[in-house]
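Just passing along the structure, written as structure tokens.
Chain lettering (A, B, C and D) follows the sequence in which the chains are written, and residue indices restart at 1 in each chain.
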Amino acid sequence: MKYIVFGESHGPAIGVTLEHVPPGIEMDMQFICAELKRRAPGQDAMSTARKEADEVEILSGVFEGHTTGTPLCALIRNTDTRSKDYEKLKNLPRPSHADYAATIRYKGYQDYRGGGHFSGRLTAPLVFAGALAKLILKPENIEITSGISMLGGTANPTPEQVQKIIMDAKMKQDSVGGAVACSIKGVPAGFGAPDFGCNAEGIFSQYLFAVPAVKGVSFGAGFGFSCMHGSEANDPFYMDGDIVRTRSNYSGGINGGITNGMPIDFEVAIRPTPSISLTQDTVDLSSRTDAKLNITGRHDPCIVQRALPAIEAAAALAACELLGI
Amino acid sequence: MKYIVFGESHGPAIGVTLEHVPPGIEMDMQFICAELKRRAPGQDAMSTARKEADEVEILSGVFEGHTTGTPLCALIRNTDTRSKDYEKLKNLPRPSHADYAATIRYKGYQDYRGGGHFSGRLTAPLVFAGALAKLILKPENIEITSGISMLGGTANPTPEQVQKIIMDAKMKQDSVGGAVACSIKGVPAGFGAPDFGCNAEGIFSQYLFAVPAVKGVSFGAGFGFSCMHGSEANDPFYMDGDIVRTRSNYSGGINGGITNGMPIDFEVAIRPTPSISLTQDTVDLSSRTDAKLNITGRHDPCIVQRALPAIEAAAALAACELLGI
Amino acid sequence: MKYIVFGESHGPAIGVTLEHVPPGIEMDMQFICAELKRRAPGQDAMSTARKEADEVEILSGVFEGHTTGTPLCALIRNTDTRSKDYEKLKNLPRPSHADYAATIRYKGYQDYRGGGHFSGRLTAPLVFAGALAKLILKPENIEITSGISMLGGTANPTPEQVQKIIMDAKMKQDSVGGAVACSIKGVPAGFGAPDFGCNAEGIFSQYLFAVPAVKGVSFGAGFGFSCMHGSEANDPFYMDGDIVRTRSNYSGGINGGITNGMPIDFEVAIRPTPSISLTQDTVDLSSRTDAKLNITGRHDPCIVQRALPAIEAAAALAACELLGI
Amino acid sequence: MKYIVFGESHGPAIGVTLEHVPPGIEMDMQFICAELKRRAPGQDAMSTARKEADEVEILSGVFEGHTTGTPLCALIRNTDTRSKDYEKLKNLPRPSHADYAATIRYKGYQDYRGGGHFSGRLTAPLVFAGALAKLILKPENIEITSGISMLGGTANPTPEQVQKIIMDAKMKQDSVGGAVACSIKGVPAGFGAPDFGCNAEGIFSQYLFAVPAVKGVSFGAGFGFSCMHGSEANDPFYMDGDIVRTRSNYSGGINGGITNGMPIDFEVAIRPTPSISLTQDTVDLSSRTDAKLNITGRHDPCIVQRALPAIEAAAALAACELLGI
């Protein structure tokens, strides 16, 4: 199964085209819509004021309520776009956004409005694809869960702490970063390989780094390994009835690039939203001089909580690839 | 350019086959051998006692001292193998090694001697491939450097500290993990894309996770972002003559999956060597019962210092892919 | 550049999603529509009576009249569908159509109406993608032309002969096959390789066999080589000013999988439309018994003339891959 | 399973590296050597006088007589090389050989001796890989056979005719082309797809065109379709007990890019060996002037009979890809 997410924030539509979807998957639209709602903006004070219905139209690959196995294209029309907010930014790249890199990469032809193809809005079709992947994995008893493991320096924050940290950042016209911990239960031992291109960690990371704002991916103890000894870090085996398990799971369910039957546990680092309301230093690409920038469009003070379904979607798609689906 | 590393620790030979190598690269064998020597074992008390000449024979793809552009196969014969050290381990998977996962994946047919295809020895052909990649990148003025950023909990250790930390672990029959920071200078802005499969971070991570023992990959501030605000984390632009630069480089040279012209800075987490001399809990896969394990073969108390050339090799190969070489 | 054609004949829409389109290509919609019109049905008595406006809506990847370089999705709504024509065929696979193979492949979940995803209608988005590829190749001075080289046993038929052969078949409730010769001028020497996966002939053939009804692909003298001697078949070199050329082009512009600078000449075999009005033998997949079949839906007595733009489209897309676009 | 064939005719060795080989395949070396012997030169007056032992050394991926599932590298040392035969050809590209195209592609760095990487000798590792693929397919009851369907204009020649046609060509210092028909029995219905990249015909053709000298690939009636009507060309279904079959197999076992359970029948066109002893016109690439060429090295007057195992090898590797092995 391969996917291409297409669309620009202020273009006619965004969407996703999927190839090699297994035939006969029941399209549980209630589940799919619930997943999309988890990432939808405009639901509370913590997220961007942009409201989008995010109504999905499936153009192909579904017949009589089931996937056909042929390419599936799903689209979401853009409705609440205010392009004029962005026009003045055309020559003033926003720090730590993709604006400048994209101008070079696309020779200035990219749609710059609202972040264009780089907009967080593009996670909507990703979440659609991930919801479909979850429906595929469900009969295999594979379950994916995630939570905020770090927010603005606070580890495993409670919902109240999450709200406070984000509202504090918003009040200061600032934004805040975090980390997400994700666990995939039910993947059997024996998938993956040590080699380049089929390594389990490599497969997951490729999907995860395609989620906007992800800047780090680690498995099991991850960067914590750099403070550990082997005697602490090794996961001792034991027999649980006839099943081989490990007492700890510092390896995050993967050894030598191959799953070992324990949950695949990983963590991703998420940068603070680069869009902040404070005045910032930039350059004017037309005059090639230093410049000041004030960003006034709608934006999130934090995307960590909204990233959860996108991270899970990437994980579900990666799990499908790992399992040869 | 694609590569396949082949071989088993105690088989006839290990090696690498490379496809799509550019023609006309001068094979600077002095440089290649120096790179191989950086990772060779048996050079001091800190690493495994196994000594290998690591003499490379190039079978194809090189003619009159230059690459031809056709597939290049290079091999290194195995010489100093003591297979009997490992035979008794056949049914006792070593904790946090790939033994158990590999037994399931390869249905018990894998060569279990000395870690087989999972041996750290397989980084020798990787370093060969990376040395070739560095020779390709040299005329593009792309330079790759790395260093130990963390070792057993000590940040940016001095050579003396490195030696002490490793010898301490060795004396305790233990091992120790760390992290490596790597920087790639000279990659121009505009390479990569936000999309799955061509994302700069995704490309690098796929190569890096194919290096044994790597359990985390992060770019720029990485997991440090989870404790930062946007106002700290954003990289302000400025004009350096006619060149657009950023004052800080928390983004690690990549925005939206595209290089921005700043150095590509990343860090990888490296687990402690799972091979330790202390008695460990495991299971006997033939009797399906709990068991004890004592590992007596030659092994490293720490692979972080020897990982540097392998990490650089993976980075060089990834940079080639990113640049479309 | 990669493409995914999606859609079913009687679903909401058909279309194509393209990745890695170069940025800055001017979308010459007049040219694109003219290409689409070349393959559109219902234009004369020789083709199916189905009429489709084939109006293309571009959802992404185009901004201010130029490609952006980000994924481009284009769709064509289905309008003139008569699904009831096909319902009775559900369990009666049409001989030499994909119905039976698809039932096994997609476990019966495929949209069977009007050929579903196998419909010749799916060549419309292919022609769109090919038109875009032609626009990309134009500044490289690469030009693609094609013609009917064989029709129902008549070599290089005149337009009058084409009309007569097709109308004869139609009157007999039959269909007729043919072959298309295609030539690509302007591809420089030195593209491709002898190796699997990057071989010029292999690249072209993979695109060409993805066009419905294509059952053979040959280059230069093709199957004619089996009646030739080396002394006849070899293409002697000569200097044309400072340019190396060959006097003949039996090699079809490719030697050892690499272009030699001469036109890339190839031919494709196109089977007679399997949809014929004559009664045919089939099986009933529900009762597992032999059965008779009368096909009454709209269909073409010949698709060779309508295949020309699809063949050229596949060739243009293949040329882009060959050239590393 | 993927393969890379490496090596040059007059380099140290030729060989193949295979990835994703299934574990546990018994290495029937007797069978593998028999396959290699089928293509070996120097066995009779009809083929090149070069004699090679073609002894295979397996460097990796095999342990205790079975494949391990990790990358398998096999090499064959070059022994009987006479490089001086070729030195004078360096600047005189042989008509219809890859010499000129390769000079451009590889910027003159290719090993030109004896055809280098383009030598027919490179089919030895291909046949090795194909023999392994046949061993993988054997338990699936998939069998591949081939024969000469055309030789120098004679259809389905008897062994005596083959000998006569080749010896005639040899006496005239000429060479002769032909065609090979191949049949794969036992592939179940339902493999492949109509889409680009997973189309059964496209998969086979990509492997087949990677065999040197192949200039055409067709399925079932192939180019014969261009002289047929649908009423003749359609394959009527019937029930053979509970099995769906077709009375004829003009489709060559594939409809809509998907196997239909009938034998996969295809034909490949093979050009006459470009190496002929007659004086030919060429150009001198150093002086950029017209020139005459006399080829005096050892070469085959016909490679069609020696191509059979290479075609079968390509077919076996393609069948593995089609079946998802």
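The rule is simple: a residue touches a chain if its C-beta (ideal position, glycine included) is under 8 Å from a C-beta of that chain, and two chains touch if they have at least 3 such contacts.
Because the structure is predicted, anything quoted here is derived from the model rather than measured.
**Q** Can you list every chain in contact with both chain C and chain D?
**A** Both chain C and chain D are touched by A, B, going by the contact rule given at the top.
**Q** From chain C, which chain is the farthest off, judged by mean CA positions?
**A** B
**Q** Using CA atom averages as chain centres, what separation in Å is found between chain A and chain C?
**A** 38
**Q** Counting in whole Å, what is the centre-to-centre distance of chain A and chain D, each centre being its mean C-alpha position?
**A** 45
**Q** Distance-wise, how many Å sit between the C-alpha centres of chain A and chain B, to the nearest whole number?
**A** 26
**Q** Can you pull out the residues of chain A that are in contact with at least two other chains?
**A** 4-5, 19, 70-71, 105, 117, 193-195
**Q** Which residues of chain B touch chain D in their complex?
**A** Listed in rising order, the residues of chain B that touch chain D are 4-8, 11-15, 17, 19, 23-24, 57-61, 63, 66-73, 75, 105-107, 109-111, 116-117.
**Q** Residues of chain D touching chain C in their complex?
**A** Its residues touching chain C are 3-5, 93, 95-102, 104-105, 117-118, 122, 149-153, 169, 172, 174-179, 188-197, 199, 201-203, 205-207, 209-210, 212, 214-239, 242, 244, 246-247, 250-252, 254-261, 267, 269-276, 278, 280-283, 285, 288-290.
**Q** Mind listing the chain B positions that touch chain C in their complex?
**A** Checking each residue of chain B against chain C gives 19-20, 70-71, 193-195, 198, 324.
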